[in-house]
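Structure below; questions to follow.
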Amino acid sequence: MDRLLFLLATGIARGAIFALFALALVLIWRAARIVNFSQGAMAVVATYVAFAVTAFTGSYWAGLASALVAGAVLGYVVDRGVMRFAPHDSPLAGVIIAIGVVMVLQSALGIAFGQQYRPMAAPFDQSPILIGGVPVFSPYDVFVLVVAVVVMAALALLFTRTSLGLQLRASAFAPEVSRLLGVRVSRMLTIGWMLAAAVGALAALLLVPTELGLSPHSADMLFVYAFTVAVVGGLDSPVGALVGGLIVGVAISLVTGYLGATVAPIAVLVLLVAVLLVRPGGIFSAREARVA
Amino acid sequence: MSVESELSGRGASAADSVRASATGMGVGTPSSAASVARASTTGRRRTRLLGTALVLTALAIGGTFLLDPYRNYQLALVAAYFCATAGLSLLIGLTGQLSLGHAALMAVGGYGYAITANALTDAGVDGVARFALAILAALGASGLVGLLLGLAAARLRGPYLAGVTLALVIALPAVTAVFSGALGGDQGLQIAYDDVPPALATIIAVEQWQAWVAIGAAAVVVTVLSGIRSGVLGLRMRAVRDDEVAARLNGVRAGRVKVFAFTVSAVAAGAGGAVLCFVTQSVSPGAYTLAFSLLLVVAVVIGGLGSMLGALLGSVVIVLLPWLIGTLTGAMDLPADLTQRLSGNLPVLVFGALLIVVTLLWPAGIRGALPARLSLRRRVSPAASSPPTPAPPTTAPEQPTQE
Amino acid sequence: MSHRSARHSRAIAVAAASAMLITLAACSTPAAQSPDAPAPGVTDDTVTIGTHQPLTGPAAAGYSSISAATQAYFDYVNSTGGINGRTIEYLVKDDGYNPATTQTVVRELVQDDDVFAILNGLGTPTHTSVLDYLNQKKVPDLFVASGSTSWNQPEKYPYTFAFNADYVTEGEALAQYATDEFAGKKVCLLGQDDDFGDEFITGAQNVLGADGLTSVQRYSVSNQDVVAQISAMKAAGCEINMLATVNGFTALAIGTAAKLGWFTQWFSSSSGADYPTLVGFLGEDVGPKLLQGFVSSNYLPARQGNDWSELFEKINTEFNDGAPFDGNTMFGMSVGYLFAEALAAAGENPTRESLLEAVTSGDLVGNGILPLSFGDDSHAAYTGVGITTVDQGVQDYIGTTYVSDGKGSVSVSDAEPVAVENEGVPASAE
Amino acid sequence: MTPLLEIDAITAGYGGSPVLHEVGLAIPQGAIVALLGANGAGKTTLLRTISGLVAPASGRVVLDGRDLSSVSVEDRSRSGLAQVPEGRSVVAELTVDENLRLGGLWRFDRRQLTAAVDEIYDLFEPLSRRRAASGHQLSGGERQMLALGRAIIARPRMLLLDEPSLGLAPRVVAQILGVLRRLRDDTGLTVLLAEQNVTSALAIADHGVVLSLGSVVADRPAAELLSDGALRHAYLGF
């Protein structure tokens, strides 16, 4: 029982990071109908910026802020520099270009910084607090959860309560009509990329201190798991990203704990196939009609 | 090059042609006149296809004599990759299904080959019998996995399918670790080595023999795929890609077409994996990574989606480019540290940049940019038409077209 | 349809031309090697050898510095005039720890670059994929960088020789040390989910008995989260925790345990026990504290406080741009030294056969803390390991060395470490 | 007096095959002009060219003396040109309220916007009862009202309407056209109304333009069009 609680807590803490990253995927999907395969690589680039800034200033928070800025800048560059020119007649073009961006960014990082892991310190203690003798969340886990909740709440407010959010949603759902109404859809698309890339960068930044350290491949598995999360939840659904993130995080934790680490990727595959066979658009798919 | 000939030209017309063919000769009871006409064009097409295949294979086999053993090994790799990229190109280019998991399907073929070959070796079977049975097992295994995956794929669209295939290739090492008894875990399986047949032993080296076998296998796979591609089935695949609803309304069973395409593509990939296993005498999960899967996609895209010649050119590029870059950086007198960082990374950088540039500026790939001579010949040919349209003009994603 | 007949006649012409080629060309024809020709890769003043190493990809982080160290050692030897008047050219090819790439680059080394031998190819899955090939081609495959037992199969792979003490031996020695010094404690094990973990577990069980391990946990390199495994070991009440982990995961295991408030005894394989690397992962502040009392096995000279380390550190400063001096540097230079020794012993005009003879002669001594075991029926380099501990930031031998008989039985050895001679340049053949 | 909207020899189409050939029109301030013609005559293409969604191969669109050639769709809208596309394209994922606000975002601040939205609710009474309903819950008539309301909320000078009556009950059509007429009378709104429903369009229009196969074949006062039997037969089918 204790062990179950412990594994659940661990799964939730990691699931929150998956959910954040998946949310970033959902944001771009909604805005541009592109699954941003390059998001992991973009997030790692931003995390390198954060690493450098933290090393230079000695402040974790300056690093965090710079990761958000760097993420947004990258989002701008990738959108305006590459994605905007993607042929619109093929739904595959965006995916393929994104794969190209991954290859470019990761190899550029490898050439610039080499492959070694650069350990990143967490801003809070990572030792779990004992509750009734059971180690549950560490202060850092709590920090991660709080950040995840705050970011999601802020995004929800942005999208539902502000005119920018209204324009972002309208541009995503009906770009042509929005333009006829004077909405600068192209700018909204770029803002969507910047927002998503910043959120993705934040997720990677939160993940790295719990792992071996920063390397050009730090976000590879994060992307795979978060993509699973987004697909399980439904690419159109931010709520799906949140719920999917927790499901996948807890599932991986339980499988690793009870069946072994080796089985985890198989469990993810099985989960993915099972969900999609029952609901081909993910658990929270709005409707079948809106497809790429 | 009739490998390149296409029945139908631009994507938009594919649905229309199916409409015509569905009423005339497609799924329903065909009118006899139409079926006669079809039989004769099919016959002509087949003859020409086989002729081309034979000539090209003979050329490739002849070419092995000009190469040293290492180039012959590279040629064998190209041939093995060609099996897989040809299948993948058919899948992506014709049905619009994006698979990021073809490396896993190749691995299935490789394991099928290795397990069968080892069992046969233990049973005392060797030579051609062992090779043939092991290849059959490889094709069967990859076909089965492809069928299962295709059944799921038929229900899924674009990114969802990409997600499942991505998870498949990620799960491959886990599968081999869990079943390490049969699959050898991380180290994979090793097989006994097939020497040059005694009759040829004095003429050719083993690398050359391996290249022959690989070329032969690729020739068979690609000829079959070309046949499918230019036949009624290819037409139906295009129709499903362009407009699934329209295709359905015209009697094309979209689900079946997709499952069929996925299965065929998986078998082709499996053949590639089996050939690779034959050439290298081993198969292991580390060789079939996500990065390799993406590299196959790179090959198909930069070669030119949907085109067999493009798949071949793409395979050549992914084999030769890393070697070329390595040779170049090796020749430059760079600091050791920089050389180390460039090695491995630079080819990936170039591949990524190529992928972006080709998709943005050159959507028909290398194949589409070939000199006019080839396209001229195609224009004269009656059964051929305009170059392949890699990008199906489907109901485009809603996206603003400009600033 | 005239174009078609034109095509056919062209096809026939092409076919005829290729038939001509087939009869004329002899480029690929296997030629018997003339016995007087110099060995591949050997000229009057150079010997070219090659290796495959993970310089990129996820595994590069832990290992890419090894070949640089070997290269630095060869540069040092070359600066003194080389071996028997020949400088050693070391071709390092990146395989990204991908067996498919290994196969390609090793063929390139053998067929295109005509190397004399392959030295220190790194990794079990990668090197396994070229084992058959190298032995078919009769290319000396020296001092493989992995502790798999696969390399020690003289009958099946006469051209392949190991370098590392194998994982079984390491597991046996560490388990024996636990039995000798920590009798009655609960011993557990965390292992990588591949041959590394499997063979290490076999070794531990050889000594402790089939159910002598209280808990056995596995991890997968693709998942950098070992909380579930460490918490299970903690819950099982483990007291001695054996690790078949690479450096990153050793650090991850120790760090994760610390986060769980669990400060316990660790026994690590040499593959994941490099002190400076571990401190790098754990951080300068807490690393030294968490690693106090850390036990591991090793067979190469300690990183500091002996003649070898002083020599290698000097070479590192001079020929390796002063790269961090760590376990990988020791390993890489030791490999270089052993190869130089073998090459020197292979004679004035080395051939592949004389090189193999030199290795199997049993005369090579290497630079380890115990003698090499190479011989006609052993292709294992070290059949034993010494125990090291970390005390106040210094990782050194405690003087206990175990030797395995290869049948599951371990005994204490009183072997003496090999001393440095001739400034670390093996004497050329007289 | 210079016309509010001037279309000068527009040739336009999709993928290189022109739908419109040298179309010219001039619409004076405050007029309601009916754009008539059979299905495929080029009515929608003309409207999309005016609003900027289709780039003409040649020719100009001039609004109030300003050449719009290099003006983006968004900025055309912001300079007083509103379009209600065919098919009552409300954004189905947004609520009625959000759809309306979207139309006025660029023009008003928060407070003014609320007032402007309320004005639309006054104009289309049924909508005010469905403020929180999402677009896909609305009836066809409600959608048309919403699309029209959203187009006029930012007080455009020129309104382009594409087949507003399509598929709607006559009563609803009358209501919507009535609103148009009132807007013109009250605010001087200029309207270009593409319709297949000739009678109801000409009932409120001052002027009629007939397109056939992408060319203007008639450009006359509404009453004249109605009385020209030959023209009606040839192009308007009644």
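We call the chains A, B, C and D, going by the order they appear; numbering starts again at 1 in every chain.
In this text, a contact is a pair of C-beta atoms (placed from the backbone, for glycine too) under 8 Å apart; a residue touches a chain by one contact, two chains touch by 3 or more.
Chain identities (UniProt): A = Branched-chain amino acid ABC transporter permease; C = ABC transporter substrate-binding protein; D = ABC transporter ATP-binding protein.
No experiment lies behind these values; they were computed from the predicted model shown.
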Leaving out subunit A, the still-touching groups: B, C | D
{"item": "Touching both subunit A and subunit B (chains)", "value": "C"}
{"item": "Distance-maximising chain from subunit D - centres being C-alpha averages", "value": "C"}
{"item": "A-D or B-C, whichever has more C-beta pairs in contact", "value": "B-C"}
{"item": "Gap in Å, rounded to a whole number, between the CA centres of subunit D and subunit A", "value": "43"}
{"item": "Whole-Å gap separating subunit B and subunit D, where each centre is the average of the chain's CA atoms", "value": "52"}
{"item": "Subunit B and subunit C: spacing of chain centres that average the CA atoms, whole Å", "value": "37"}
{"item": "Euclidean distance of C-alpha centroids - subunit C vs subunit D, Å", "value": "77"}
{"item": "Shared interface positions of subunit C, touching two or more other chains", "value": "55-57, 60, 64, 193, 220, 222"}
{"item": "Set of subunit B residues in contact with two or more other chains", "value": "170, 173-174, 177, 341, 344-345, 402-403"}
{"item": "Touching two or more other chains - residues of subunit D", "value": "72"}
{"item": "Touching pairs among all chains present in the structure", "value": "A-B, A-C, A-D, B-C"}
{"item": "Touching residues on subunit A, where the partner in the complex is subunit C", "value": "2-3, 6-7, 10, 14, 110, 114-117, 119, 121, 126-128, 130, 135, 138, 210-213, 215, 217, 221, 252-253, 256-257, 260-262, 264-265"}
{"item": "Touch list for subunit A against partner subunit D, complex", "value": "163, 166-167, 169-170, 173-174, 176-185, 286"}
{"item": "Residue numbers on subunit C that touch subunit A, as the complex places them", "value": "55-58, 60-61, 64, 193, 218-220, 222-229, 231-232, 235, 248-249, 251-252, 258-261, 280-283"}
{"item": "For the subunit A and subunit B complex, residues of the former touching the latter", "value": "29, 32-35, 82, 85-97, 99-108, 110-112, 114, 171, 174-176, 179, 185-186, 189, 220, 224, 227-228, 231, 235, 262-266, 268-269, 272-273, 276-277, 280-282, 291-292"}
{"item": "Residues of subunit D that touch subunit A when the two form their complex", "value": "51, 53, 72-75, 77-78, 82-83, 85, 89-94, 98, 101-103, 105-107, 110, 150-151, 154"}
